[in-house]
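First up is the structure itself, then whatever we jot down about it.
A, B, C and D label the chains in the order they appear, each numbered from 1.
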Amino acid sequence: MDQNGKRLVYADNAATTAVSPAVLDAMLPFYKELYGNPSSLYSVGNAAKKPLEEARAKVARCLGADTNEIYFTSGGSESDNWAIKGVAHKLKAQGKTHIITSKFEHHAVLHTCAALEKEGFTVTYLDVHENGIVVPEELEAAITDKTALVTIMYANNEIGTIQPIPEIGAICKKHGVLFHTDAVQAVGNVPIDVKAQNIDMLSLSGHKLHAPKGVGALYIRRGISIPNLIDGGAQERTRRAGTENVAGIVGLGVAMENAMATMEEKNAKLRRMQDKLIDGILKIDRSRLNGDRIKRLPGNASFCFEGIEGESLLLMLDLKGVCASSGSACTSGSLDPSHVLLAIGLKHEVAHGSLRLSFSDMNDESDIDYILEVLPPIVERLRSMSPLWDAIIHGRTV
Amino acid sequence: MDQNGKRLVYADNAATTAVSPAVLDAMLPFYKELYGNPSSLYSVGNAAKKPLEEARAKVARCLGADTNEIYFTSGGSESDNWAIKGVAHKLKAQGKTHIITSKFEHHAVLHTCAALEKEGFTVTYLDVHENGIVVPEELEAAITDKTALVTIMYANNEIGTIQPIPEIGAICKKHGVLFHTDAVQAVGNVPIDVKAQNIDMLSLSGHKLHAPKGVGALYIRRGISIPNLIDGGAQERTRRAGTENVAGIVGLGVAMENAMATMEEKNAKLRRMQDKLIDGILKIDRSRLNGDRIKRLPGNASFCFEGIEGESLLLMLDLKGVCASSGSACTSGSLDPSHVLLAIGLKHEVAHGSLRLSFSDMNDESDIDYILEVLPPIVERLRSMSPLWDAIIHGRTV
Amino acid sequence: MAYSEKVMEHFANPHNVGEIKDADGVGEVGNPKCGDIMRMYIKVENDTIVDVKFMTFGCGAAIATSSMATDLVKGKKIEDALKLTNKAVMEALDGLPAVKVHCSVLAEQAIKAAVSDYYRRRGIDPTPIVGELEDCEEESCACTL
Amino acid sequence: MAYSEKVMEHFANPHNVGEIKDADGVGEVGNPKCGDIMRMYIKVENDTIVDVKFMTFGCGAAIATSSMATDLVKGKKIEDALKLTNKAVMEALDGLPAVKVHCSVLAEQAIKAAVSDYYRRRGIDPTPIVGELEDCEEESCACTL
């Protein structure tokens, strides 16, 4: 990607993706002539209803769900909140006041769990170990007769590791415990089948797969009834009120369909790029890859560089036209190191030097080449300025 | 408005409005080159941050609020839910378990109140009388030392009546009770000043004023702390998680600014159109205007026609290219007559024959002329088919 | 909720609208509180419905099902007309939205009510022939009869 | 969080980076757990800071404030250098995001730490001259000193 003659490599697709031209094309009519309210009787409104339901069918198909198990929301955070708070509040009356999650969930899950703790729920935060993967046996051991819900993310947003979802689904089924997964990073990148994998609820967000920001969905298996997060009008079969974001929803449908149709090819390409990137970056002295090398999203790789502080690394990369992040976009501006990197056992001072590079089908191998060209000198330069580096290479603790 | 040579009169702007070309123009860059995450460090993301904050400043200015009292949401329903559930859950611990609202609020308020009733809150539903207006003295009399919140809509969506908001604000202030108003129908149509009017919280929704569907805002007066509805990332100063719908938010800012700049002129025009419409329609035998004739939104007029069922009236109008509704779009498909019309004292059989015509600055007087041309023969035709009409005109009860 | 083209056709130009002054049977079902009333008139010769007309107060589906149901029984022997089911009316209209199925039931019932009236006028108890006519409950407007 | 152009200028091409091997005073503040460490070296002649250099591990603001602070004290009398406030550093950089204000405090403190070291090496108690140096707490990284 070039812009104004300057090379631009967008390597932060785990934070958000560009809306693809096909998605935008599909959305535009709903910002123009098809502006009607899909709940209306007359033709202008009705013309919006059909595409809305077609988008629902597309999303359902991509997940192996039934059409009427899909509820559109404003994004991944809303879906996570609805699923987790919904189950908690529903099952509280039955004395089920325990939730199992992992230490490195997205804040949309962790802060929701924290809010429930304040209400009196107890939450078990499973270890994710050095490789960034939950151990199913540990999960099973954590289940008690008070357990209302297991919520484990499908793939981690900061380090890209993929969790053993089918195994977790089977365990939850065996114990009769509901299973929700935050699949915001996984949808469109790995094949998902909610029925085969025994997933009861699944959150997804459009802007991670070339649909716009501000639209997402929650899959709720038929038969599961949880209270609404947003009460009001009869939209979404009375379970999520609010005039539907028709353009966004139609965009989401198109984006999901495209992602499914091109997944295999895209992933083969991204894997090749990822291998090259990891091999190249690990040549840098005192660098490490975060999380399992194999069980990871093909488009996501996270590294740490000793003696480097993440923000200055990102700014230097930005000056070279490389957009990256140190971890989750939601917490940048925060001064604390990533809870994800601490969860996989990194020390604070190492966790500060993190770099996440995440790619989509809009990237190609030349982007990797460019990053491998500009990154090592930047790391070297920052280390040469660092009062710690000398101590680090001479093995003194800092 | 003409389309395919067929005359199209869109008279359902209270349900939703068309995105204006100026709004769409402002949004498009965020679906193209400015796709970055506004929470990101690098320039592509940062380029989205500034417009986001500018939009917040615009919205604040239009309400007389401070910039950091505005929180963006996915729409009016979310804002209503957040405000009402938030205050309720916050003040419950202090024994404040009483809420005052009116009988004819939008379902986003009524169903939220109903959900709270299930949790043990008590709710007073104030009468709105024949003219569709809450009486401040009755509101004051309903306040007890347990009252946590008063939530009264600024203007009704089905019949357009405007409530005595400054009076209610003053009463709430006097009694130290929080005051929320659902101003979804009012914003952009009447001058609002949250400080002068003593409004503590205010909900608004973009798609009612030519911004897109799926974006809205909640004004929360500084100093009021309520629990989040959507927990997670640090967006919206940690009070509303989720990657920001940048395009929608920018669109909302532009729409609000445009609405404010043109309000006086627009309202003068809409008032003229409304007077002509009401005078014209009331010439139809056994027709009535719903709600106060004067204290109403200039763009909203609701009627009932005895002996007519609303849906067939709407369908006949649609065949003539007139898009209208019987009331709230959220409930069409429902078979029960509008709770709003029942609240102003109409009988079921009369409430069934309702018609809401709502206009925006995109309409003009020729639309009124056209409606006045096609509506009377339709009413006549339906009445001629009706087995009730004979009895009605002969004064027999049906 | 979207109506089929067929429904819209019958709604926009309903067949058999009106009264039959010297009808042999008149049946009315529904109630105004629920927002749907159908009144059907039949003219019978040699056990055959030679003419049928309706007056309906109600939604688009109520008008369209009235139109279709009258079409379907016109010229039929009474015994065949009594076999008319709401399903047949719906199918002939290429379907109805779920919330509108009750309208097709009303149309079926209106025909039966008219036939019952025809028998009653002739001193014949219609119940063994036509069956019990369940009335739409005042309470629940979305009656599923 | 967006940096001013001035901050980005000093970040991209920081002034006075490096060590002074035969420094007359060296001061270090911050800690790696918090993600910010500044070390400043000064060379003093006739009570004047004739040279100053820094080594910084930290965010963009940490590097830019180090660069700006060293610029501001270079060539100054010690007594004037000690008047440098974090506010002055921030103003010279056209402001800092709220979450980054502590970096300007660190820069001010780093200069003072180097001057203290200079006095200490000469056997003079720096406290009456430089004042108490509050150290950034391990606990709270967003120290507001």
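Note that a contact is a pair of C-beta atoms (placed from the backbone, for glycine too) under 8 Å apart; a residue touches a chain by one contact, two chains touch by 3 or more.
Note that this is a predicted model, so its numbers are computed, not measured.
*Asks:* Relative to chain B, which chain's C-alpha centre is the most remote?
*Replies:* Result for the farthest chain: D.
*Asks:* Averaged over CA atoms, how far is the centre of chain B from the centre of chain D? Could you give it in whole Å?
*Replies:* Between these chains, centre-to-centre, one finds 56 Å.
*Asks:* Between chain A and chain D, what is the separation of their C-alpha centroids in Å?
*Replies:* One centre to the other, that is 40 Å.
*Asks:* I'd like the Å distance between the centres of chain A and chain B, where a centre is the mean of that chain's Cα atoms.
*Replies:* Computed from C-alpha means, the inter-chain centre distance equals 34 Å.
*Asks:* Identify all positions of chain A at which a residue touches two or more other chains, and write them in rising order.
*Replies:* Where chain A meets two or more other chains at a single residue, that happens at 41, 311, 315, 332-334.
*Asks:* Two-or-more-chain contact residues of chain D, please, as numbers and ranges.
*Replies:* If we look for residues of chain D contacting two or more partner chains, we find 1.
*Asks:* Provide the full list of chain pairs in touch.
*Replies:* The complete list of chain pairs in contact reads A-B, A-C, A-D, B-C, B-D.
*Asks:* For a test of understanding, state which residues of chain D touch chain B in their complex under the given definition.
*Replies:* 1-2
*Asks:* Name, in rising order, each residue of chain B that touches chain C in their complex.
*Replies:* 307-312, 315-316, 319, 332-337, 348-349, 352, 385-389, 398
*Asks:* With touch defined as at the start, can you tell me which chain B residues reach chain D in the complex?
*Replies:* 41, 46, 49-50
*Asks:* Within their complex, state which residues of chain A touch chain B.
*Replies:* Going by the criterion above, the answer is residues 3, 8, 10, 12, 15-19, 24, 27, 31-33, 35-37, 39-45, 73-78, 80-81, 106-109, 111-112, 114-115, 205, 207, 212-215, 227-235, 241-248, 311, 314-315, 317-318, 322-325, 328-334.
*Asks:* Quick check on the complex: what are the chain C residues that touch chain B?
*Replies:* Per the touch definition, chain C meets chain B at residues 1, 3, 8, 11-12, 14, 17, 28, 32-39, 55-60, 62-63, 97, 99, 141-142.
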